[in-house]
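Next up: the structures, one after another.
There are two complexes below, and they share subunit A, which is joined by subunit B in the first and by subunit C in the second.
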Partner chain A sequence: MKNGFVIFLAAFAVLLTSWSAFVLGPQLQLGGAKQVPVLNSTEVYPRSRPGEANQGLQVYRANGCAACHTEQVQQDGVACDVVLSSAGKNPSAVSNLLATLNLRGLNQEEAHAASDKITAAGGKVETHIVAVGPDIARGWGLRRSVAEDFLYDNTVQLGSLRIGPDLAGVGARSPNANVVLQHLYAPKSVEKDSLMPPFRYLFEVRKIVGGEFSPDALNLPKEFAPADGYEVMPKPEAKELVAYLLSLHADVPLYDAPFTPIIAAKP
Partner chain B sequence: MSDQMTPTSSGAEPTAARSLVPMWILVLTLILLFLGAVYFDRHSGWFDKQVYPPYASATMLESYQPKSGAAAAAAQGKRVYEQICGTCHGVDGLGKPGQAPPLAGSEWVIAKSHNRLAHIPLAGISGPVSVGGKDWNLSMAAMGAALSDADLASVLTYIRSSWGNKAGEVTADDIKTIRAGLVRPQPMSLDQLMAVPE
Partner chain C sequence: MTVNESPTNKIDVSCRVPLLVLFGGAALWLVVGSLLALLASLTFHMPDKFGDCPWGTYGHLQPAADDALLYGFCIPAGLGVVLWIFARLGQTPLRSALVPVIAAHLWHVGVLVGLVGIFVGDSTGFAWLEFPRGGSALLFFAYLLIGLWALMNFSGRRDGGMFPSHWFLVAALFLFPWIYSTANILIVGWPVRGVVQAVITWWFGNNLVFVWTSLVGLGTAFYFLPKFSGRPLQTYFYALFAFWTLLLFGSMRGVPAGAPVPAWLPVLSSLSSLLLIVPVLAVAIIGWKTVVGAAGEKCRGGSFCMIKFGFVAFVLSALLLIAQSCPVIGRLTQFTWFGTAQTQLQLYGFFAITMFGAIYHILPRAVGIEFAFPKLIRVQHWLAMLGIFILVASLAVGGVEQGMKLNDPAVAFGDSTKAMLMFLRVSTTGLLLILLANLLFALNIFVMILAWKWSLAKTVFAFVISPLNKTEVKA
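What follows is the complex of A and B.
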């Protein structure tokens, strides 16, 4: 073959380039990732998962949850909200001024200008940083997903198809473990229009012993409940999966994905 | 060109002639490379691991860090509390028997006016005092005297609004006024503290 060595070198260079871009580069960039402080807090993020939740990640993986659920919140932009914290000594002037101003979804210059105007009128304002985007509007999170969110995931379950909702912050919006268990056993009993298949094999339907429900038995609505005298008990896999889901808490402000957490107003 | 593409009778391999790359392709490539470099410079953050879209650079990211406001003050109060006050009063505000009285639910902490409360960390307190129906006889140095007005205000706001306590905010200006009123602060007795107006 003519120029065999040149062809070999060229092929090698092509492989080396792609390896550098897809393996070496990310390793240099994020290989040393570790826990980071939560903004304005003494907490660190993320906390390593307890063992049960770690097992749950394997259940999540084994059941192919990532086929229909993602764990990545997207963010299109960032905006500033100017929020009045104190009306000061001349509340009527400030409220008249507020009526003329747009205080939501501003960029930095507009936010500065608005807060300067209100401060000049005697009010006190705070500027809140807010993440903007369709995922945020759907209530799936308060900020975009960043590398730290996946620090303890092995393997990372990013997902690429959203037949169901994004789960990056599902632990923050789920009321409690029982509701999530019920959702796994009978999705339509929690979410009327849910497309999720029921994962009944993660549960055991068994005869009630001694005439009383076990403490862990699901409390199902009548149309989803098994026949009289039977109860639905979660298997260990179901409990692990729920522990994992409740450990998904990508909702804290970080340096690389900042936002102002809304703290309930104090009396 | 065409005569070279025709197979020759001798069966020799056809060869391509050398010709120059058209000049417009070179120019177009250079222009695209230049535009790409400009776009990269403006939007990439230069491979900084902390810069994600929508932030274009480390400077832009820095400018969007939430800096002030109630949330930041509350967090600062928690931080200072856990560093300084928490060692004796406990991070849960429940105090430690024989060491420090509880702050959670303490009538001194949740009093309507924060005036007397603010005197305790600024001047210190010693001797018998009743907290939550229990008598304590300890002494506390002026632990808050070295803190800035803003830090002390945030700590007091934090203890007045944590662990079920629901009392109003303390501002840095309040602390400034109270601190100015204390000329040479000495640890106060209960009587002295009760003499402070509410």
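What follows is the complex of A and C.
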């Protein structure tokens, strides 16, 4: 390798390969992605977020929330749950049988075997597909995150470190805007041991006008509340951020990530 | 100042001003970055104290600290070392040094613009690419100019030969403009849709933080190790092999397993990561055969020790990288501090310490002044080694502990963060030692710059007051 030009050409070829695989390839495959149908439904997914939530994504970005929070639920696989839909004519026999069977977290054959036994005893069952894994068990989501969840996001904030919990489904598990606002203003008033910094600069502490709390003011526990005669009002950024957080609920079954209920019970 | 007109001295002197600007600014950002990292770490010990101003939250401090280390220190330090090594290997003085001097100033202004941008909420939100457009554009053009000058010097080299260092450094010079322009155009300027943004971010981050630093750091080590050990690089063919496999497998990775993207991307990434073991072994063999048992200089806390330490840190960092890309281990370490530990080992333990070694060797030769506090060099080396060891060990062990708790749904999430607190306290100590080491480094560099400016002023003054020559008087 005496010649600089040879090394340039060869390095160029290697980098072009890497560029094609990790820039061009994904763009060709996903750059033109469209909404996809929700399983067993006429709906399509995803809907674009409301305007306030989209502005909230910019607040999320500007404050570097992704330094501590991920938005990607992981899943190890799927399992079947057998669910009794009707006890039939002989409920006591069915309930005795149920007591002896394991009906959750089965593979496909086990699920068939269990539903056959129950059907033979006169009950009717449905088999549900559920996602499994630590994140799912924590209630962070019903399925893993997939590319479709981020179709309309700009900028996509997947995160890489879980100093705080995953937020991909935070809107589904904590749908109360006031609680989320309170969490932002005084994290320890919601989670005693929280390491999250209080985002007080997204709020305004102001004098109560006319002796009554404003309808938007935070309802804080005593030790976190400001002095008497003052109230804590969320600034527009705080409201937008909460609108964004509440819009995070990746909870519909898709072809890439199916769950409940897609296999009808055997007749 | 000694006036020595040997050709080597001429080459060193030709790089003087660009190197002073590049290394001086780098030393400043190094201190700023480690200060920000320390503050970011402190937010975990007293989260309540930082809530009233936006710039005091972890989400601002941490990206700013990372970028100050990478863009503020690593890249300008690397570029300075590349300029000097090219001039030395090619036996060609750097011409028109004014251009790289201006470019180096532009670079440092770009870093300033970028850091301010992060603090006022203009961060792009993409890891390692947080600088807003204005800052990125300055960085890009500054890099192009310096890179172009280095390449012009390279193509004018005297005997036309190429050394192993040349391959690594030339490839690194090409790599940055390519990945930086791609990433900035496709995810900041005219953003692509959805998760393609995330894939490009991962690709860019890996190519800059792992591949670029590895190429420059190893290129530098392959220049200095034979020089200090007094034994030629063992061997040319191992180095050739390591170069190509590192470039090939290193650049084809970056997407973590389990990412919400088409499955072939993480699979390809894991596969290339596992194959990275090949260049890492080759590099380890080169280092071992070149240094161990050689009859050259002994390591006495100076440049040689630092570059040796950096070399070992590279092998360890690459092994951690391979481990966390292996699906079985990656499942445990994903989303934990383990990844941060690896990045810090790569950027500080390997790259920054290698650069310290190189700069301590280069700067006295280029400026013609010895360091004012030579004993502090040794102290700095020990502080840096100890600091990075404490930082990386605590975060890596803590990360595994955190991962085990995260993967067990019976353990509440809060317990996984609580378990980390002890490790974070230890890591804060590591960051404090690193800050001290960086201050000592900056002290030596700044005093040298002041001494140079002082001698420059004296020369000018002496010139002004000296009596005119008789010939000039007659004319």
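What we mean here is this: the second predicted complex is superposed on the first by the 253 of 267 C-alpha atoms of A that agree within 3 Å, B and C clash if a C-alpha of one lies under 4 Å from a C-alpha of the other, contacts with A are read in each partner's own complex, and residues count from 1 in each chain.
Operating definition for what follows: contacts are C-beta pairs under 8 Å (C-beta built on N, C-alpha and C of every residue); 3 or more make two chains touch, one makes a residue touch a chain.
Keep in mind that this is a model prediction, so the values were computed, not measured.
Engineer: Between subunit B and subunit C, positioned on subunit A by superposition, is the outcome a clash or a fit?
Structural biologist: Overlaying the two structures gives subunit B and subunit C room side by side.
Engineer: In the superposed arrangement, which partner chain does A:Arg144 touch: subunit B (first), subunit C (second), both, or neither?
Structural biologist: Both partners.
Engineer: Just checking: does A:Asn40 make contact with subunit B only, subunit C only, both, or neither of them? Give me first, second, both or neither.
Structural biologist: In the superposition, A:Asn40 touches subunit B alone.
Engineer: Is A:Thr127 in contact with subunit B, with subunit C, with both, or with neither (first, second, both, neither)?
Structural biologist: A:Thr127: touches subunit B, not subunit C.
Engineer: In the overlay, answer first, second, both or neither for which of subunit B and subunit C A:Glu191 touches.
Structural biologist: second
Engineer: Have a look at where A:Pro258 lands relative to subunit B and subunit C in the superposition and call it first, second, both or neither.
Structural biologist: After superposing on A, A:Pro258 lies in contact with subunit B but is clear of subunit C.
Engineer: Give the label of whichever partner, subunit B or subunit C, reaches more residues of subunit A.
Structural biologist: Per-residue touch count on subunit A favours C.
Engineer: For A:Gln29, using the defined touch cut-off, is the partner it touches subunit B, subunit C, both, or neither? Pick first, second, both or neither.
Structural biologist: Both subunit B and subunit C are touched by A:Gln29.
Engineer: Answer with first, second, both or neither: which of subunit B and subunit C does A:Pro91 touch in the superposed model?
Structural biologist: Neither partner.
Engineer: Just checking: does A:Thr70 make contact with subunit B only, subunit C only, both, or neither of them? Give me first, second, both or neither.
Structural biologist: The second partner, subunit C, only.
Engineer: With the two complexes overlaid on chain A, what is the closest approach of subunit B to subunit C, counting only CA atoms, in Å?
Structural biologist: Checking C-alpha atoms only, subunit B sits 5 Å from subunit C at its nearest point.
Engineer: List the residues of subunit A that touch subunit B in one complex and subunit C in the other.
Structural biologist: Common interface on subunit A, subunit B vs subunit C: 25, 29-30, 33, 144, 146-147.
Engineer: Quick check on the complex: what are the subunit B residues that touch subunit A?
Structural biologist: Subunit B reaches subunit A through residues 47, 49-55, 61, 63-66, 68-72, 74-76, 78-79, 82, 161, 166, 168-169.
Engineer: Please output the residues of subunit C touching subunit A within their complex, sorted ascending.
Structural biologist: Touching subunit A: residues 43-44, 47-48, 50-54, 56-60, 62-63, 118, 121-127, 154-155, 160-162, 166-167, 170-171, 174-175, 178, 182, 186-187, 191-200, 202-203, 207, 240, 244, 247-248, 251-252, 254-256, 258-262, 265, 268, 334-337, 339-340, 406-409, 413-414, 416-418, 420-421 of subunit C.
Engineer: Please give the residue numbers of subunit A that touch subunit C in the complex, ascending.
Structural biologist: 1-4, 7-8, 10-12, 14-15, 17-19, 21-23, 25-27, 29-31, 33, 60-68, 70, 72, 74, 134, 137-138, 144-165, 187-188, 191, 193-201
Engineer: So in the complex, which bits of subunit A are touching subunit B?
Structural biologist: Residues in contact with subunit B: 25, 29-30, 33, 39-42, 75-78, 83, 85, 108, 126-129, 144, 146-147, 253, 255-263, 266-267.
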